[in-house]
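Naming follows writing order (A, B, C and D), and every chain is counted from residue 1.
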């Protein structure tokens, strides 16, 4: 999927989905928490344009964008409606309402809300794919803040020692919740990988085509060499960490908003294409939320 | 303490103490476990010859050598008798028999038997010394195998971010219990530090003078810059990991035994000095074990 | 044990001019930092203007920038660092952002901080406080809603304390900080916005309150104008609110007269005041939000069983399941006023 | 529940030609690796010729080099890796070298491995076994002697199992490996060298044994030629040996007739066979090596208390202290035959 329109469409889907979600939260229709992917869309769109449908993905708390981009290439896609239903706690949600925003699973896509803890799990998945000789790789997502968790380094060590086919994607939006990277990450991000003999590729861009190219190289390296790889993407989170918790200055937000992946990619489409994307996505989102809203809540099953 | 005789004497004390201990174990007089420092004596002797008596030390399971070298420069020294009593579970032991081999405490010296867990604790101690402006630094010991524990990296990150005066001493004897370093440590040891912006110094030697020089530089750097530092000492463990569990070949052991720190340092002493050291140490050890043997076992106190 | 008595009106749960639990805790931290320069705060995102995920540390870093340390996301190391500080005579207070993450500090608490004192033959002390918000009811899903304190009750050398709206949460925290040994301080998320209860007086639903102990008091509440009560409800923390509502409902609609025994210290266990109440009522319901099996109530019931007291006893607790995100599922899993009332009725039937 | 009966002679604790617990477990691992290529072993120092700190994995890496993975010292990641393998349909068995280190895997067990199935709406299974040696008595000191299994009893989605010399440890392990959900498998260090008990027959001290359940059986032992017993001793794992010795002593010297209820599954709790025994004896002593407070026995007593059965109940467990290195202190802290006998006599006095 290298088609400019498709890339734009995925990014737009994520953008509009998250915007709608934040709106639903602010009107009190949704409760709990959510972490918008707005501003980082090019990462997911670029990466999942070069993965296989059967690759195994472990995502983190900021998983909606990853999920929506995941499987975008496959005929059945990953369904915004099922995600919306999950976020509303509906029985039809991805995991029947049990997980909510941070805890979803669909096909080979998994997420969990404990920072860092998913990384050895993803590493084990890579091991499973390796020994099953499936040819598939594992991808695990982490933010800059999650570089603080020790279990990451245990995982990097094992992935490297055992030659496991896993791509660690660091999305460095320079903040962990409200903590700027300067207060949380010493040394360098790349150094955290090379310390374990894991090569990295680093990009500071919101251009989905550049990310796609980098991801192609990174994914290719993992698949070819059957070894771990670190893809470090410097990026920007436009919205608050979860909902109302933004401590950044208006000036800073304005500055990063200039790196809007949608605006960067838009000129590669015709006006008509963009309009078509907008209207298609608007309809999809509207349907997804309407259908999810109408769906029933789950009931307790008899438990083991 | 740069005196060649004193350095030799400390190394000999450690050697003879550990030999005696292993003998006591093999005759069944002692139970439990022990991890001999034999072969690595130059590390402790060299390092503690350049530290301050008030510096704070956190040692690991292989702590006897560290303890015996600790405070060797101070008039009261660290008492082999109290250590022997502790290992025998006597009331007069360093911690009244409660801790045993891996869990000792005396003045500013602490040890614990959980690999890795001591490292953030030592980091916090460095923080305490820093804010108390004591001018003291913290030293923490770890083996190559302990590079596997994630909490080490959490500690390195924090120590670096917060400019804490701590020296991490890696004693790389190329084995964790029976696991060779090739199966446990990917990348490089130095890289594990530089990833967090922490400088290192690496030495592959059993010459106590070389280690002393390196330690002087490392300790000086920490004290001067108020920042963490990694001292990486490639070394050799002559005995089994704990007692009978050696899986290395006789040839390998013979090869590493050539790097005996005592033999390397001995030529710098006169025959008379060496003989004096031997007889002094023999008497100290004999006294220590005899006195400890005669001491009573502890009784349970009423507990809070 | 010192026993004090006062009276409280249960409707004080609403429209109170009293400070909230959050304000009380925040004030206590202000005061601790102000009056004791050995006190340090460590935690994720605790700096102003954010002031922590639940705002308990708000305003502190602005006033005490040197002693309020925002940390990387490294729960294990934070607690380890704090216990090193404590060993070297500082008084660190750690915030773990969500109680669900105490699993990450288990080794530092169990094999380090709480072991040092005894293992080192009482030659050291570890004045460490770990504060953390527990509990569900906010739709945060399976990794941000648990009440995991039960894993740490009974850990040798560890005191576990939980504030409530009746006692003074700030004072409780201050007492924990003054302690020379490690304290795990459990704050239920739903408590933060609750105003403290105010002693008042005057009608049928007034409770007369006995306070047992000073530092981490246990409160025994009895409806003042009633002679004999016939059910004891034992609880701690936020669930006190549910228990009070249940007690009122049982009183009004079923004429079941409850005593409430409210604990501030969860571990070590001291059940003397409860035993006392139970001698009067002979029926006990423990109420807690953690999972049933080996929850706080298990040790309570076990000790009571060992005491030989003749009483009917039941526990109300969460189902032994993860806490679902979806509201109806979360409600089905967690305790509620209704479940307490039902259990009381069932117990009463026996 | 299926109930089987057989007879065992208590002196079989000594001079048995039977395989040891170690051999039984080791054989089971051999068999599992041989018959199911989804089975993998992970752990520290598990390769031959060493074969693991307690030799449970001896001979396995030589035969199955591809599926026996020695790991770095990274307890959390090993369990995480294994749970990822399990999610992707392998059947990993992890060895944690000492049970004291389960604190390091708490997050992976509680917030990952055991949560996945329910949290993902039963769409995944996590066939993961974590084996680990617990217990003291070997002078290993405060960080290598604990019995920490109690921290994990009641964790939703986790089965906790402990072998003993009466059942078939290898079969128990095989059953755990065959399970589709996570199992924590607790092996007491002192069990390894013990031979399995052998059914035999013939004298006063013979026990008649009822086996309740097939996969993780609970055994009820009654002295065969006695009509009525008047004390139930409930236990698991290694402490069964202490309990048997105490039962013999109580029989011979005090004419107190004991039933023993021996559990293989510690969590989830099923107390039906125990309740049954207690209906006969009306007196219960639980015996475990972990610390008293919120130990296994607490949940047993709580459930029994809730059941309404009238019985005198006590727990024998370790003091709530770290396990000292020095023998006399360790002995004072841990349960013993003498302490069991004393508690039984005290209980009998009541």
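The rule is short, and it goes like this: a residue touches a chain if its C-beta (ideal position, glycine included) is under 8 Å from a C-beta of that chain, and two chains touch if they have at least 3 such contacts.
All values derive from a computational prediction rather than experimental measurement.
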Farthest-lying chain, centroid of Cα atoms versus that of chain A: B
Rounded Å distance between chain B and chain D, as computed from the means of their C-alpha atoms: 37
Geometric centre distance via CA averages, chain B-chain A, whole Å: 46
Junction residues of chain B, two or more chains touched: 96, 98-99, 103, 112, 114, 147-151, 154, 157, 161, 183-185
Numbers and ranges of chain D residues touching at least 2 other chains: 71-72, 74, 76-77, 100-101, 107, 111, 115, 118-119, 142-143, 321-322
Pairwise touch network: line, ring, star, complete, or other: complete
Residues of chain D that touch chain A when the two form their complex: 40, 66, 69, 71-72, 74, 76-90, 92, 107-108, 111-112, 115-116, 118-121, 123-124
Sites on chain B touched by chain C in the complex: 56, 58, 94-96, 98-99, 103, 105, 110, 112, 114, 117-129, 131-132, 138, 150-151, 154-155, 157-158, 161-162
For the chain C and chain D complex, residues of the former touching the latter: 100-101, 103-104, 106-107, 109-111, 115, 118-119, 142-143, 148, 150-151, 153-154, 156-157, 267-269, 291-295, 297-302, 304-306, 308, 312-315, 320-322, 350
In the complex with chain A, residue positions of chain B that touch it: 147-154, 156-157, 160-161, 183-188, 191-192, 194-198
Residues of chain C defined as touching chain A within the complex: 44-45, 47, 49-50, 53, 70-74, 76-77, 100-101, 138-144, 319, 321-322, 324-329, 332-333
